[in-house]
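The following blocks contain the structures, represented as structure tokens.
There are two complexes below, and they share chain A, which is joined by chain B in the first and by chain C in the second.
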Partner chain A sequence: MKSWGHLEEVAGRLSAISRSQFQSVFEKFEWPESLPSDCYWMSPELTSCYDTPVWDRLSEPEQIRLTQAESVNFFSLNVHLIRGLIGEVSDRIYTTRYPGLSDFFHDFIREENEHMWFFATFCQSYGGKVYPTRGFDGAAPAAHESVRDLMVFGRILIAEELCDVYNARMANDERLPLVAQRINAVHHEEESRHIAFGRQLMTALHDEAREQADPSELEAAGRYLARYISVCLRSFYNPSAYVDAALPEPLSIRGEVLRHPSRAAFHQSVMERTLKFFDRIGLPGRESIAW
Partner chain B sequence: MQVSLERMENVLRPHCRLLNASEVLDFDASLVSLGVDSIEVVQLIIAIEDEFAVQIPPRLLTAETFATANTVLAAVGSLVSVSEDSAQEARS
Partner chain C sequence: MTDADDLVVQFLMARRPELASVPPELDLVDSGVLDSLGFMALLALLEATTGREFDLDVIAREDFRTLARIRERLLGAPAAEPR
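On to the complex of A and B.
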């Protein structure tokens, strides 16, 4: 298949760039002792309550505290997503199914390991913790290997593209502390390579699945990824963050904001780019996403 | 507040993707076999927390807690009675 050959070529090129731009992650950031408590740490427009009556009810100090707790929540989500994807990629690093990609996978794991370190360092230094995940790991459902990998790498691509929308918007948001801007900027830059690879891989896997797997399996994979999108979007609504921001009635906030139509519209806007790509390769499932 | 079987079933049912509307929910059946996989369980956790106004602590976010409807009921029951106790303490 043409798309597989092209994949190796793309991976080789991306690895070369990654190696030529290598700089130790320990030298990439200056970590202040503490961050100012009177400024946003995350763009307010990206917080889970924005554009809802909950946001309007909050005092300015409460809004600021929410951006701070949610910056730690967002970076914590990244930590857990990376843990999962390093596992999946290392499971495949020397399998016969992906010959020619081992070098790229090594670079990918190294970069993701570094990302996990800077995200976690921010969380622990300024938030005092990495928020735990609100679920537990599970394998993708049994299917033809092309379909199973389509689900696994589809999940990775969805998470990377979604977080990248946030990173890109915050990379130059001067309302945020420099270290927060810089983390978003560095991650946005390096993720552009992972996303380029992820899209190429998804195209190849989808071609393979269309040739070799049962069409009903492919449809089920589309619905599986649609459910994953809903779950990913909801992980930004963490009651523990509302508690830490000392918001009034923290346990009822998630339900209230998720019922507000502006949130569904926001979800659609941040997933738009990824869904357009899925449409382009012909992956089904978009209509079953619970926004 | 009480965790009645009916209320729990109302929360669980939409997440049991492999259970038809006409079928009885067996509280001892494995939730995985009813379609509550690792993705659906995240949605279920949110639905439970919102319905019962509790937060499920990380120690309870395990496959054992979400093994069957009955194990979920037991876990949520313990949280609801704890939050009732603390509300009562706050009142007295």
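On to the complex of A and C.
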């Protein structure tokens, strides 16, 4: 298939860029002892309560505390995403299914390992912890390996692109501490290569699945990824972060903001780019997303 | 049956509409009722209906394996007497 051949070319180019731009992750950041407690750590417009009556009811110090707890939650989500991603890619390195990609996979794992380190360092240094994941890892059930891989790498691409929307918006937000801006900027820059590869891989897997798998399996994969989008978006509404921001009745807050129509509109806006890509390759399932 | 219990049963049946009921010892994973995404959705539903936030360091995938286990570990029902 043409898309598989192109995948190797893209991977080769991306590996060359990664190696030519290599700099130790330990030299990329200056870590202050502590961060100011009276400023946003995350753009307020990206927090889970923004543009709802809950946000309006919060005092300014509460709003600031929420951005701080949610910055730690956002970076924790990245940690768990990367943990799963490295596992999936490691499972496929030096296998006969992905010949010619092992060199790229080495660079990919190295970069992702570095990303996980700086996200976790921020969480532990300034939030005192990495929030635990609210899900359980699990293989997507499918009979044909192309469909199984389509679900695995589809999940990864969805989460990467969603987090990248946040990274891109915060990379130059001068209201945030410098280290927070820099983490978002570095991740946005390096992740753009992984997203480019992820899209190429999804195109190849989708072509393969269309040729070799039962159409009903492909439709089920689309519905699975639609459910994943809903779950992924809801992981930003972490009651533990509301507790850490000292907000009253965290579970009620989550329910109230999730029911507000402005949040569904926000979810659609942050997923728009990814869904356009899925439409372009012909992946079904968009209509079953619970916004 | 409590409201929370009722909601959990409804949630599980909605995922497999062909089931006439959810036997308490049915393996929810092997029978395809719950997958990894279903766990997360059910967890959110349980927290919303019980008003309790579950400690994710304490609960495990096995706690979602059967309706009986969900009742015992997450809805606070007493464990069945060993036979």
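We take it that the second predicted complex is superposed on the first by the 291 of 291 C-alpha atoms of A that agree within 3 Å, B and C clash if a C-alpha of one lies under 4 Å from a C-alpha of the other, contacts with A are read in each partner's own complex, and residues count from 1 in each chain.
Criterion: contacts are C-beta pairs under 8 Å (C-beta built on N, C-alpha and C of every residue); 3 or more make two chains touch, one makes a residue touch a chain.
Remember, predicted model here, so these are calculated numbers, not experimental data.
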(message) Which partner chains sit in contact with A:19 here, chain B, chain C, both or neither? Use first/second/both/neither.
(response) neither
(request) Scan A:240 for contacts with chain B and chain C and give back first, second, both or neither. (result) both
(message) Taking the superposition on A as described, I'd like to know which of chain B and chain C A:228 touches: first, second, both or neither.
(response) both
(request) Would you sort A:6 into first (chain B), second (chain C), both or neither based on which partner it touches? (result) neither
(message) Show me the chain A residues, by the header's touch rule, that chain B contacts in one structure and chain C contacts in the other.
(response) 132-139, 141, 224, 227-228, 230-231, 234-235, 239-240, 243, 251, 254-255
(request) In the complex, go through chain C and note every residue touching chain A. (result) 32, 35-37, 39-41, 43-44, 47-48, 51-53, 56-57, 61
(message) If we count contacts the way the header does, which residues on chain A are in touch with chain C in the complex?
(response) 132-141, 224, 227-228, 230-231, 234-235, 239-240, 243, 250-251, 254-255
(message) List the residues on chain B that touch chain A in their complex, please.
(response) 37-43, 45-46, 49-50, 53-55, 58, 61-63
(request) Note which residues of chain A are touching chain B in the complex, please. (result) 132-139, 141, 224, 227-228, 230-231, 234-235, 237, 239-240, 243, 251-252, 254-255
